[in-house]
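Should a chain be cited, it is by its letter among A, B, C, D and E, assigned in written order, with residues numbered from 1 in that chain.
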Amino acid sequence: MFARSRVHTIDPVPDSDDLSVRYITEEGETVTETFDQIVLSIGLQTDPEVVAMANRLGIELTEGNFCKTDTFSPVQTSRDGIYVCGAFQGPKDIPQSVVDASAAASAAGESLSTARNTLTQQAEVIPQANVVGDRPKIGVIVCECGINIAGVVDVPAVRDYAASLPYVEYVAKNLYACSQDSQETMSELIKEKGLNRVVVAACTPKTHEPLFQETLINAGLNKYLFEMCNIRNHDSWVHKNNPDLATAKAKDLVRMAVSKVALMQPLPEAELNVNQTALVVGGGISGMTAAKSLASQGYTTHIVEAGERLGGNAHHIFKTATGDRVKDKLAALVDSITGSDNIKVHLNTRLSSVEGFVGNFKSTLKNGDSESELEYGVAVIATGGTALKPDEYSYGKDPRILTSLELDQKLIAGDPALKTMKSAVFIQCVGSREPDRLYCSRVCCTHSIDNALELKKLNPDMDVYVLYRDIRTYGEREYLYKKARQAGVIFIRYDLQNKPTLTADDNGVRILATDHVLQRPVEITADLVTLASAVIPNKDEALAQFYKVPLNDDGFFVEKHAKLGPSEFATDGVFLCGLSHYPKPIDEAIAQGRASASKAITLLAKETIHTSGTIAETEPAICSSCGVCVSICPYSAPSFIEAEARMHAGKASINPVLCKGCGLCVASCRSGAIHLKGFDNDQIFAQIFTLNEAV
Amino acid sequence: MELMGVEPDRLHFSWISSAESTKFVNVVKEVTEKVKAIGPNNHFIKDTAKVA
Amino acid sequence: MTLVKIDKKNWAEGLTAAADAYRLYGPVKEKDYHQFKALEKGEMPDFDMVNTRLSPKALLFPQSEEMLEFSLDESRDDHHIMKAVATDDTPRAVVGIRPCDAKSTLLVKLNFDTPDVKDPYWLNAYHATTFIGMACDTPLSTCFCTTAGCGPYHEEGLDMLVMDQGDAYLAKLLTDKGKAFAAAAGWSETADDPAVFDAGRKAAEGRIVSTVKTDNLADTDLLELHGAPFWDDIAFSCINCGTCTFSCPTCWCFDIQDEVHGKSGVRMKNWDSCMFPIFTVHTTGHNPRDTKTQRVRQRFMHKLKYFVDKYEAGIMCVGCGRCVRQCPVNIDIRRLCEQMNSFKPADACAAQG
Amino acid sequence: MLGYTEKIKEIAGRLLKECTVDMVIGFRKGTMPMMNEPCFATTPEAVDTLWWDSNCGINLANYLTNRKEKVAVIAKGCDSRNIVTHIIENKIKRDQVYIVGVPCTGMIDKRKITGMVKGEIIAVSETEDTIKIKTADAETLFDKTEVLQQNCALCIHRNPVIFDEMVADAVQEQTDVDRYADIQKIETMGTEEKWQFFDDLLSPCIRCYACRNACPLCYCPTCFVDEAKPQWMGKGQDPLDVRTFHFLRAYHCAGRCTDCGACERACPVGINMRLLTRKLEMDCQEQFGWEAGLSLDQRPAMDVYQANDPEAFIK
Amino acid sequence: MSDWEPKIVSFLCNWCSYGAADLAGVGRMQYPSNIRVIRIPCTGRMDPKFALTALREGADAVWVSG
């Protein structure tokens, strides 16, 4: 339940541990309520020690003691070579902090790019023993995990039971199997006993499998000759009060793991080199920033812009919240792009096809009727967004009713009429936070208040009103809101149920609203009405199809993970920045431009990538080329071998790079011609068959 | 399977996200209860290699 | 060889008497066709049929038969040791087998009872069985037994041949096994009119409408026959199901499988069919008889050429007509035999030009 | 369907003469009453042996699998739907097959008639809607609708859905037909009763695989029955193995089976295994609104995922 | 019949249900120990053969969770 109010006092209720709160509602009435618990939502501030450090380092701070940064270089502190990200730059949430982090990394990377790979040494590759065809020799290590497992499961009994299983040559129990010294002893054991399969009965493979696989590699074994069975999360922790059942279950799980690991084969990981060229789709501010960051770190970059000039939405914006004129900063950025020999710009161009996969994309670029091919390794999608043309408040029927960007055009042109106007009204949340467009466009509050201050500067005694539902000038933009109120801008709140009504006639535009404080209708005649309309994405279904990247219902792109991967897609090798992701001001767009470049570079810098070993593989002799796998695979990894191939023409084969190893095709293949390595039929059947002897 | 005379409660399908541990536990308990209710599987079972 | 007259009235109690010493088998009607089955106490064989849908070979050579059994349970002392499966070889009698099916047992015996290889399972069952044949007075249009080495009154392979005379049966005791069964059944009223038998035989043989010529199968060159042009046309319609081989009384191929469940395992043999591709697949995946035509050719060459050359006992077919009736696409062995028999290698080359 | 034989011969002869196709796949008179043998005609004499009557129940689409040459095929309604599935599943290319469509009024159930008549059937003669059966001692006349194969009696796609040429004008499609009455009846039985029902239904099975091999949908080089790594299913007569085989084979035909009845016709022991395939056909119809082999550009329902696939069974 | 413990073979998708099971473990949520988990990369990997074999091999129920 949300209540607009001012909290006066909180007192503990005598002889009980409740609390009573006294607050004044919007109508001015005083209310006292008791609660069991009260949570104070406190804001973020810079730690005094950090403020002291900043002064020592000569880093300029803002009046709120946050690091002062320029809109067009949001991660650059005032001291050259020192970059900033996260809450020290300003109050922000985790996704934005993670974006800033990647942006800061790319900024640092730019200055260090010449020294890349100079100090790293080549990891020494340990030769892999060839165990194909050998009799399986299995080592079973049962972990006690302190008391987590041993407290419930009779570990010695499970170990002795494991010794009786077929092909098991060595068993041991271990206090903490994942500890560093256990890893070393395990590695020695593998070599000494000549083991070629390992089962670790401990915790969940999701967290510890890579650790143990690393140990296998160090011991010269292929990392897939390993099976983990979860006798902690799935057994001891959840069957605490009947240890005998838990021990029986542990024995079953160990037997299943041993029966599976005996059939595991060493699996290769396909190695692929990454094309060192990058492609940026969209030449707006964030696209250009991404391209500049990529190019300055030595990667040739192509920008594909559908329009006839770079700059996108920024051309229509007058100034930033921190006061810089967008026009000249944008011009500087565009010059740096056209000037750089590492960046090739393709104007009036669209992508007409995308083939291939991470590191090896191939696209045709269509410019009018001429087409050209481009091969590249990574793609950054920055297709941006535009302002909504509203269909309410009789927009478009009267020259005095504008959108925010149209007002900016007048400000850029220095339209004299703005000086002589007597009153201006801003209406917020036009088209945003509405039933059919639920999201908040985040930038319009700051933009309207900034323009209101601009109008006040042009003509101090002009009446400026802002009709709003909620003011969301987040972070240090709140200072603008304070300055606007001090400059006499009048803020009137309305809610969705009774929006202001607007009628335009010769002597001005009359706006009728209810003042939220006086609770009485107010009529304002305005010479100019600015509608803060929503930011909508340049929705491009075809592009989403090309790269197999998802769009949400509002048409914005959906990132891989809000916190762990905010500027990349689930599809490997495709990255994301700018308005096409969600509405954001220029500084956040630039930060995400840099962030997507940084993420792309982590992939490009490796030059080669390994694909997972547990992927599907067809057996052409048995394939009846019916096409079920080709039609069912969400990643379109299977395809038919072309008709004129020398061997197995017309049979299905699976591209190891595209395959995510989900096994859809394996289960849908009627002829049983596809094997999912690591989870093959015989391995799963083995696990089922051993169930028959469940104790 | 149902048409062929296998009790429907022998097969269970569910969707559980990796965050819904409570749902996981409830589904396990529910499935176990249902299977206990219908008794052991004595039809669709091949204990020895029967011939005819 | 003595003749016995059995009044129909004491046919039934004769059988029940014999049931003490023999386990009785006979044709029983199930759904809309007859099948050889073990007769329960007092159950009588039903002769209201021309012949059973599937051949009685299952009595001696069951479709699935456990040969050996073993246990993998190491707690037992006899683990991993193959032990023979107990088989019930007490004397039994098959009542109502047709002469053609009885002849087929002899053809199959040629394979399962050779000087150097004897199949214990088949032979134990064979020696324990007494065959009481029922003469065939109303053959089907698809029966061609007279030209396939036997006939409606053929005696080879039978221990006793019974002829239906309306109110009584006339039985010819051919072997001492037959005599022993007649004694057990208490049928001892001798009769002395063999002429009735010959008349019956001639009448029955007269009712056979279809014949096959097999005279020059033996001396046609094998390789020429193998390369004959008509195989593609014959094999086109075949869908490679195993119906013909499974219903044929003289097909004896089987495959041995081990099936393990949990700790107990069984080595069993199942009928196999040269019609199945898997019959000849090698572990490498190579299959010497990969195409349908090769498999169809193999079946007919074996029955009408390889067997003829190897055993010199005529064709490996008793003319029961089951494969003709059961084949879903109506591939007819009689047409095959005619084409193979009249095949002249010479004009084949001329035709090809 | 009496006049069809002449029309088929004329079309076949023309196609061969004009070399539009290398061979024509059709039926020729069988050597026994109520039996016809699929054959291929390449020469004028062979064309002359082509024949068509109410006993052409075998599905000729089965003979198109993996054919390389240009072929003409005589196709009933159900056969044509199987040809559509064959084309979708790359077993034959559309331009490689010349489809001679036959509007079909239903095929005779040989086993049903043999059961209704005493003694061996010697001769059969057919008129437009009756059939005369001659045995040793009697001659009985049947109305065709009485002795049709069950799938033909319930058939709602008698006219071919895809063809290059039609032998005659389309016949009246049956509309007031409840295709799933017997299935629904079984569904109302108790679990134990259902188990016994299928035990009894499948007990005569001798694992000869005629049903699998007569079906055009079953073209896998290695059937799951013959899988050996591991061999998870027994090859013997164990009722559970028999049941597993029939269950999974029917499952693999889900959304693809056109109910042509070739499996039932080929089965030597007359098992009504179409109960399983039609149950899956009913489910595909109810849940995905899908009928097999009706359009060349849509893959069967079980091959693709759609967002609106019903998922009520997932908790 | 009361002491009969059903054996339930459960095919858990590696990313979702297997993770939920881990989380249930971390939360020490107790549940009956009748299920035997087989990890599959995704429920797409679930093949009718597995369900049939599991039942044939003596499982009392099969539970597939994605």
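FYI, contacts are C-beta pairs under 8 Å (C-beta built on N, C-alpha and C of every residue); 3 or more make two chains touch, one makes a residue touch a chain.
Note that the structure is predicted; figures quoted are calculated from it, not measured.
Trainee: Note down the smallest number of touching-chain steps it takes to go from chain B to chain D.
Mentor: The fewest touching-chain steps linking chain B to chain D number 1.
Trainee: Chains shared as neighbours by chain C and chain E?
Mentor: A, B, D
Trainee: From the centre of chain E, which chain's CA centre is farthest?
Mentor: Measuring from the centre of chain E, the most distant chain centre belongs to C.
Trainee: Return the chain whose centre of C-alpha atoms lies at maximal distance from the corresponding centre of chain D.
Mentor: Looking at centroid distances, A is the chain farthest away.
Trainee: More contacting C-beta pairs: A-E or A-C?
Mentor: Greater number of contacting C-beta pairs: A-E.
Trainee: Chain D to chain E: how many Å between their CA centres?
Mentor: Those two chain centres are 40 Å apart.
Trainee: Determine the centre-to-centre distance between chain B and chain E, using the mean Cα coordinates as centres, and give it in whole Å.
Mentor: 9
Trainee: Where the CA atoms of chain A average out and where those of chain D average out, how many Å apart are those spots?
Mentor: Computed from C-alpha means, the inter-chain centre distance equals 54 Å.
Trainee: Taking each chain's centre as its mean C-alpha position, how far apart are chain C and chain D in Å?
Mentor: 31
Trainee: For chain D, write out the residues touching at least two other chains, lowest number first.
Mentor: Answer for chain D, listing residues that touch two or more other chains: 222, 224, 232, 234, 236-238, 240, 247, 314.
Trainee: By residue number and range, which residues of chain C touch two or more other chains?
Mentor: In chain C, residues 63-64, 259, 261-262, 268 touch at least two other chains, as defined above.
Trainee: Please set out, as single numbers or ranges, the residues of chain E touching at least two other chains.
Mentor: Only 18-19, 21-22, 24, 26, 29-31, 49, 52-53, 56-59, 66 qualify.
Trainee: Would you mind writing out the residues of chain D in touch with chain A in their complex?
Mentor: Interface residues on the chain D side: 88-91, 219-222, 224, 227, 229-230, 232, 252, 299, 302-305.
Trainee: Quick one: which bits of chain E touch chain B in the complex? Just the residue numbers, please.
Mentor: Within the complex, chain E touches chain B at residues 1, 4, 6, 8, 15-24, 26-27, 29-32, 34-35, 51-52, 55-66.
Trainee: State the interface residues of chain A toward chain D in the complex, per the touch definition above.
Mentor: Against chain D, chain A makes touches at 621-628, 631-632, 634, 640, 650, 668, 670-673, 681-682, 685-686, 689.
Trainee: Across the complex, what residues on chain B touch chain E?
Mentor: Interface residues on the chain B side: 6, 9-25, 27-29, 31-32, 34-36, 39-41, 44-47.
Trainee: Taking the touch rule as given, give the residues of chain A at its contact with chain C in the complex, in rising order.
Mentor: Spelled out, the residues of chain A in touch with chain C are 621, 692-693.
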